[in-house]
Amino acid sequence: MVSEVKSLNEECGVFGIWGDAQAAELTYFGLHALQHRGQEGAGIVANEQGHLSGEKGLGLLTEVFDHPDKLAHLTGNAAIGHVRYATAGSAGIENIQPLLFNFNQQQVALAHNGNLTNAVSLRATLEAAGAIFHANSDTEVLMHLIQRQTAATFEQRLKASLRQIKGGFAYLVLTNDALYAALDPNGFRPLALGQLATGAYVVASETCALDTVNARFIRDVQPGELIKIDDHGYHVKSYTTDTQLAVCSMEFIYFARPDSTIYGVNVHQARERMGQLLAKEQPVDADIVVGVPNSSLSAANGYAAASGIPYEMGLIKNQYSQRTFIQPTQRLREQGVRMKLSAVTAVVKGKKVALVDDSLVRGTTSNYIVRLLKEAGATAVHLLIASPPLRYPCFYGIDIENTRELLAANLTLPQMQAQIGADSLHFLSVAGLIAAINLKSSAPYSGLCVAYFNGDYPTPLYDYAATFELPQVMA
Amino acid sequence: MVSEVKSLNEECGVFGIWGDAQAAELTYFGLHALQHRGQEGAGIVANEQGHLSGEKGLGLLTEVFDHPDKLAHLTGNAAIGHVRYATAGSAGIENIQPLLFNFNQQQVALAHNGNLTNAVSLRATLEAAGAIFHANSDTEVLMHLIQRQTAATFEQRLKASLRQIKGGFAYLVLTNDALYAALDPNGFRPLALGQLATGAYVVASETCALDTVNARFIRDVQPGELIKIDDHGYHVKSYTTDTQLAVCSMEFIYFARPDSTIYGVNVHQARERMGQLLAKEQPVDADIVVGVPNSSLSAANGYAAASGIPYEMGLIKNQYSQRTFIQPTQRLREQGVRMKLSAVTAVVKGKKVALVDDSLVRGTTSNYIVRLLKEAGATAVHLLIASPPLRYPCFYGIDIENTRELLAANLTLPQMQAQIGADSLHFLSVAGLIAAINLKSSAPYSGLCVAYFNGDYPTPLYDYAATFELPQVMA
Amino acid sequence: MVSEVKSLNEECGVFGIWGDAQAAELTYFGLHALQHRGQEGAGIVANEQGHLSGEKGLGLLTEVFDHPDKLAHLTGNAAIGHVRYATAGSAGIENIQPLLFNFNQQQVALAHNGNLTNAVSLRATLEAAGAIFHANSDTEVLMHLIQRQTAATFEQRLKASLRQIKGGFAYLVLTNDALYAALDPNGFRPLALGQLATGAYVVASETCALDTVNARFIRDVQPGELIKIDDHGYHVKSYTTDTQLAVCSMEFIYFARPDSTIYGVNVHQARERMGQLLAKEQPVDADIVVGVPNSSLSAANGYAAASGIPYEMGLIKNQYSQRTFIQPTQRLREQGVRMKLSAVTAVVKGKKVALVDDSLVRGTTSNYIVRLLKEAGATAVHLLIASPPLRYPCFYGIDIENTRELLAANLTLPQMQAQIGADSLHFLSVAGLIAAINLKSSAPYSGLCVAYFNGDYPTPLYDYAATFELPQVMA
Amino acid sequence: MVSEVKSLNEECGVFGIWGDAQAAELTYFGLHALQHRGQEGAGIVANEQGHLSGEKGLGLLTEVFDHPDKLAHLTGNAAIGHVRYATAGSAGIENIQPLLFNFNQQQVALAHNGNLTNAVSLRATLEAAGAIFHANSDTEVLMHLIQRQTAATFEQRLKASLRQIKGGFAYLVLTNDALYAALDPNGFRPLALGQLATGAYVVASETCALDTVNARFIRDVQPGELIKIDDHGYHVKSYTTDTQLAVCSMEFIYFARPDSTIYGVNVHQARERMGQLLAKEQPVDADIVVGVPNSSLSAANGYAAASGIPYEMGLIKNQYSQRTFIQPTQRLREQGVRMKLSAVTAVVKGKKVALVDDSLVRGTTSNYIVRLLKEAGATAVHLLIASPPLRYPCFYGIDIENTRELLAANLTLPQMQAQIGADSLHFLSVAGLIAAINLKSSAPYSGLCVAYFNGDYPTPLYDYAATFELPQVMA
């Protein structure tokens, strides 16, 4: 949740609802609970008696919907919404979702969380056949595929198209008469179905959004499933049976909200167990345990409980650091001006600190925090990462594009420790991670994707295979 | 820091600097660290070679300074800034500080944190003598007093005026050639002096702002002091010797940032001790300790440590709930739509919860949280307030205007417990609070103001005396 | 130019430039001169060494480019721009032009003024073949046609596509290495080529935009031409030889700016001649001639000169009425509150007024103006329309969609006069209009399109043929 | 009305209403008709059953009231409003009027059009007595004077204060129970009283605002009058009998809207007569008469009629040039890029042009227009100014601050002609101006102020006397 610090970003959250007169409002509140999954743009498309219309914009949900008028015109009983994280090159309004397509006969709105591994080649093939793309995102590829299918029904065309795309994806598709939710064959991204007391069905990237609108959890959408929701209820279908569970382990480590539950595992508790197992695997000599706020507090708590070392609030995050148009100049940064994190001198002074962080990407933040703690008087800082070293890129929806920027892909443990300036540096093992999450599945790695740690990707890499590079330092 | 939930609000934060070429930028970053003290408006006035000019607006600091241009034109070596909490009736731009006054001979800018107890009568007297006030805030009263003094120097006129005003105040006054910082005779509001590596002096409502700009802490401003900072350094003066320390205990309980230190006492650690003493005074039969995020986490941690009951993250606060223009309708609220807090079902289900909150104002939030936890499966919720019952209004700068809205002023303990729906309800004692904060002072209540708890105001009430009402339920 | 009063709207203006280091700035100023052709949206796409990027938005050009930053990032030596008039149903940002398409191999930006008569059927065919349209405007059709051509060069594909579209169009197409300007086979819409002193070539909907950037007029683009501009100069090509000039006569009557010259005819002078011929065809007994500001002043001047009746400023238009978010309520309108036009009582009181207007659409404005003049004391108001009765819709780019809303299509002359409340009502004849414009051409109607007056459309109606309705009252 | 071109600016327009349930809306529409008198800021204060509240902001009226919400909250039966022209140094929001003052016992709102000649000394005296001013405008001075009076009633205090201020002023004062309109003893600025059909009374800077809200004109407010409007009707009172009419002649020449009538003289017709008399005083050898749009069209029409030379539309003003954030760079200006005015080549080519402008200030615009016409092919340009040479500053409300910037104050006629580049240059005589306006008054100059032309100020100069400089070239 400190994406601005870590530069490790989720690519989006989705929310859909069918059957409530306040569909757009509920989508707004659902998306608000998913805001941590994307802060660059947001949008909602509503279905008013078969007619779709939408509103979207750049920025936080509250910035896009900065006047009740913006929401009030989105009437109707169904809606889908999206919060987006965008890489720099594709930050235009045209990439903000849901994408709304108007055809002569029907309208279709699409919202997508994930990343396709064959989008580039599909796009090239489609363009060669005359297709015109308006946005950079993968989302549009699915619409072009659907449009070129010849099957009789929309559902059949959708299923055939889903079989053509590869990678990680959770798609919501709103048409004039139904809401579809589709998950990739590995279930990389989480997607949950629920029901309101009013009978309306909702589907969302995380269960925290179901809780926010007070929806009862029904089930996780399963790999390869296509769930159709219409006025007759919800219908579970499959577009493929060639599935194998490989939930993104980074959802548990870092992305998902602590109160969300994915495939039966509560995220906060999984993080606590990561901290506990880390304490067992990597005991250190420390006076206090300090977590990096806010995402590492669960793991730090677990570490403290298992190690018996008291947990202390040694770092404070400024609650107002989400949006700023003014950054310290180079001169001020050198003078030590800092906006987001502060050390609590009274807590850390004269102490040996076990500093728990959820993950290590480039190491710049860790280096900064270690220095902060030492300047505040910590006599030693042991950095404990509650996940394994990140060494491989992700192709399924997390913004770890290449290994060059990953510290652990380029340096050995002692080199990393030296660069960060910590007195020692420790990681949780892959086995420890899997045990901590404890997903009940017979699939490899107990149903988790841990490819960023060990390079064992659950699928072919398709378009990314050609340029894939092994890390300098391997697992 | 969850002011929108609690409706208990601090009235402002101030920051001033003298002697750095990036004075306005540093003021911006200093105010950013004080944003929790006021979110309704912000402003900065800078001194460019004796000429003062400013920029201010409604909203968060980042909303007021929403383009680098807004800050870039505030050149000069000195500046003062202000973040404001405003009551509904006085939310206009004219009340946003610093107030900048242009006279024929000089300019004066004022920023103020606190509340005057004789402002109404001073204002009436001044108006009867022809004075015209443009804003509603107390701040302007001081300027009118200064302007009507006959003493030779500005400093003398300022001192004479400070002796006329009563109540709680921390004033920053920027003139063409100096920066003044004045504290009321009881030191109700915190105010700290520091120095940058560049030699510039800074003064701020809390030490967390000094830390943010990497200033070295020099000293707390003392009751009755007037500190003058100019190109020759800083000069400690007194405008009165009739002083008696009575620091606002609510700063420790709720307002100040955990990493701030007031009169030598770190706020986070004071809160931890409040939790510890509460555990000793009020043990409960619980499986887990849960704190209300974010302000009660220190106290909850202390309670857990002292009681031996494990601390768990049973409640999650949405990090993006600071600004929203769209609220759930009545129908959606009845359906259970909630934007700010969520219970972690996996944590609380089947558990007896010791719920720790820092304070209890109206009880509506507590009622809401207790219901949230019970709906998530908690079998019992014991509400533990890490401060005494709030029964009396504050006249020194906190927005507790009358006793009618204070739950503890109107109901007995069993009545409160019933209304909140908790299985039991407990408060820290006043003695426990004083012991937890542990201020080294020989003044009554060890140098703290605890009047909101026991009605023992350290000063006469002046304008408020006539309408003062005793609570229904007294301490 | 009083589109908000008349509800008769041009559909857009275009401007393009190749070869100047300040291409985007010059496009901005060129578009500013074309703002009267569309006030609903504006955009500019610039070519920076082969890479295209753009900026666009809803509203006036000055509202879209409301900060120099918005223009400053549009660097490069070439650019195209567009100002748009949009019908209610297609007011979204996605319809604002230029449309920028990103392909694997190249980028293409399109700006379009006009209306295609076979867009619906082309679109249906394209969608059936899998095409996906993102906007409602016709503009996109051309891109899809180009993309599905198989010819080797972009120019060949563009020519083949231009042969497939029907109707009125002036297209600007910016690619990575050239700027193309294409005009429909009838030259319905004006389009002029010019050159700056710096050598850069510019192309614009009207010559007033050339004047604004101080470009020398070279030539009008001719029907069926495709002009290619690149680093080697400009190249005149034809995509078809099946052409016949039929310039929109409404450009002369109402749309174009008086200082523009179309096919050698200055618009102001053509209007003056319309007024002169109207005076000869329709003399009236009046004391003064009054024109409806601002578009009818030329014709009124001509009428006065030819009739010998003095011209007087009897009506004033509020110069600030372009953008208002607040309109008089029904009650205030009934009380006579009026925002845009005022009668000059001192001028009209006791006078018989010859009121000259350029055209008559629904009659509501005329009715309002006649009442205004009579309330100001005019003893008689003779309404003189300096163009023939509008009875047929336009399919080539003017927003006269059906005959139902055209007064002259539904009422006889006496009925119209009665409804408007004028003492007499007169129109210029079609022959008089043609003589006044005096275009040197051997084509029918001297090279003008006068179909809105007599139903004699210069082309088949294609998609509009099926629903075409004859007016109730025919010429 | 082309203030951006001429840099000769009126200082504000005022509108007030008492007795209509839609008072604020009507004020909005009245101010809209006065927008030409000030474009830098606007505001409205409404009286809801004795309670005053307001809304104001920087920019055009339509920019300040950019959402119906902004107006909707201004309920009540009375209101005053203001449009402001501001000099660069005082452009802050605090100077935007009406100024609203809140006292313990009452509220007062002030709106002011004009300039006080003893404001600086009054302000110095008031400050020395302890007064604090918040804005730079003169408006506030009156409030301080009122507040320091000792008379029993507000009306008495207001009258006594009006006697203390000198210069040109039209003040509207809204209190909890009445609306006051006061005019200076010379009637420099126009102010008219009217009545709606609903019985409500309105008072406005120009009669065009009365017309806009369909109010019947009752009378001009006379010099030295104080009109009080309350629930019992309107009451004409005098605060002084030492009066002498000296209406600002620039109102007739340039500022007022052509449809306004001041002291019985219609502005358009006065301008026509200026043109007619100019033709008699200064005949030239020309083929066509061209007026500078929009303010000079009446005078040009008069010149054409009296000279027999045909009037032609040789210059076009861009209707969309009111607000732009982007100006041509120096390089583009040198290339001839022009945004506001265009010459109609077809009209002026080969012609000797009699160019009529209303006034001549710095000469830069005239120089620009002459060049424009010559580049368009005019063989000669004779510049005819329909008013006398401007040589002296105005101290009563027009922004002609010193003689340095006035061309005619520094150059002889031949020098001016050479600098402007005209083939000849001619001015209307002072006697001709007075005859053209033809005000029925026995006061000097027939009741007009012509001091900017001849230095004969109708009042002492007070604060300005010390720095007053005679022009280099005198009348």
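All chains are identified by letter, namely A, B, C and D, in their written order; residue positions are counted from 1 within each chain.
The definition used in the following text is that a residue touches a chain if its C-beta (ideal position, glycine included) is under 8 Å from a C-beta of that chain, and two chains touch if they have at least 3 such contacts.
The UniProt protein names, listed by chain, are A, B, C, D = Amidophosphoribosyltransferase.
Note that the structure is predicted; figures quoted are calculated from it, not measured.
Q: Would you pick out the chains that touch subunit A and also touch subunit B?
A: The common neighbours do not exist; no chain touches both.
Q: Look at all chain centres (mean of CA atoms) and spot the one farthest from the centre of subunit B.
A: C
Q: When the C-alpha atoms of subunit A and subunit C are each averaged to a single point, how far apart are the two points in Å?
A: Once rounded, the distance between the two centres reads 49 Å.
Q: How many Å are there between the centre of subunit C and the centre of subunit D, using C-alpha atoms for each centre?
A: 36
Q: Report the inter-chain centroid distance for subunit B and subunit C in whole angstrom, where each centroid is the mean of the CA atoms.
A: The separation of the two C-alpha centroids amounts to 61 Å.
Q: Give the pairs of chains that touch; include all such pairs.
A: Every pair of chains meeting the touch criterion: A-B, A-C, B-D, C-D.
Q: Taking the complex as given, what residues does subunit A use to touch subunit C?
A: Touch list, subunit A to subunit C: 93-94, 101-104, 123-124, 127, 129-134, 136, 140, 143-144, 147-148.
Q: Please give the residue numbers of subunit D that touch subunit C in the complex, ascending.
A: 1, 22, 25-26, 28-29, 32-33, 35-36, 39, 60-62, 65-68, 71, 196-198, 208, 211-214, 257-259, 261, 266, 268-269, 294, 297-298, 301, 305, 310-313, 316, 318-326, 328-329, 331-332, 335-339, 342-347
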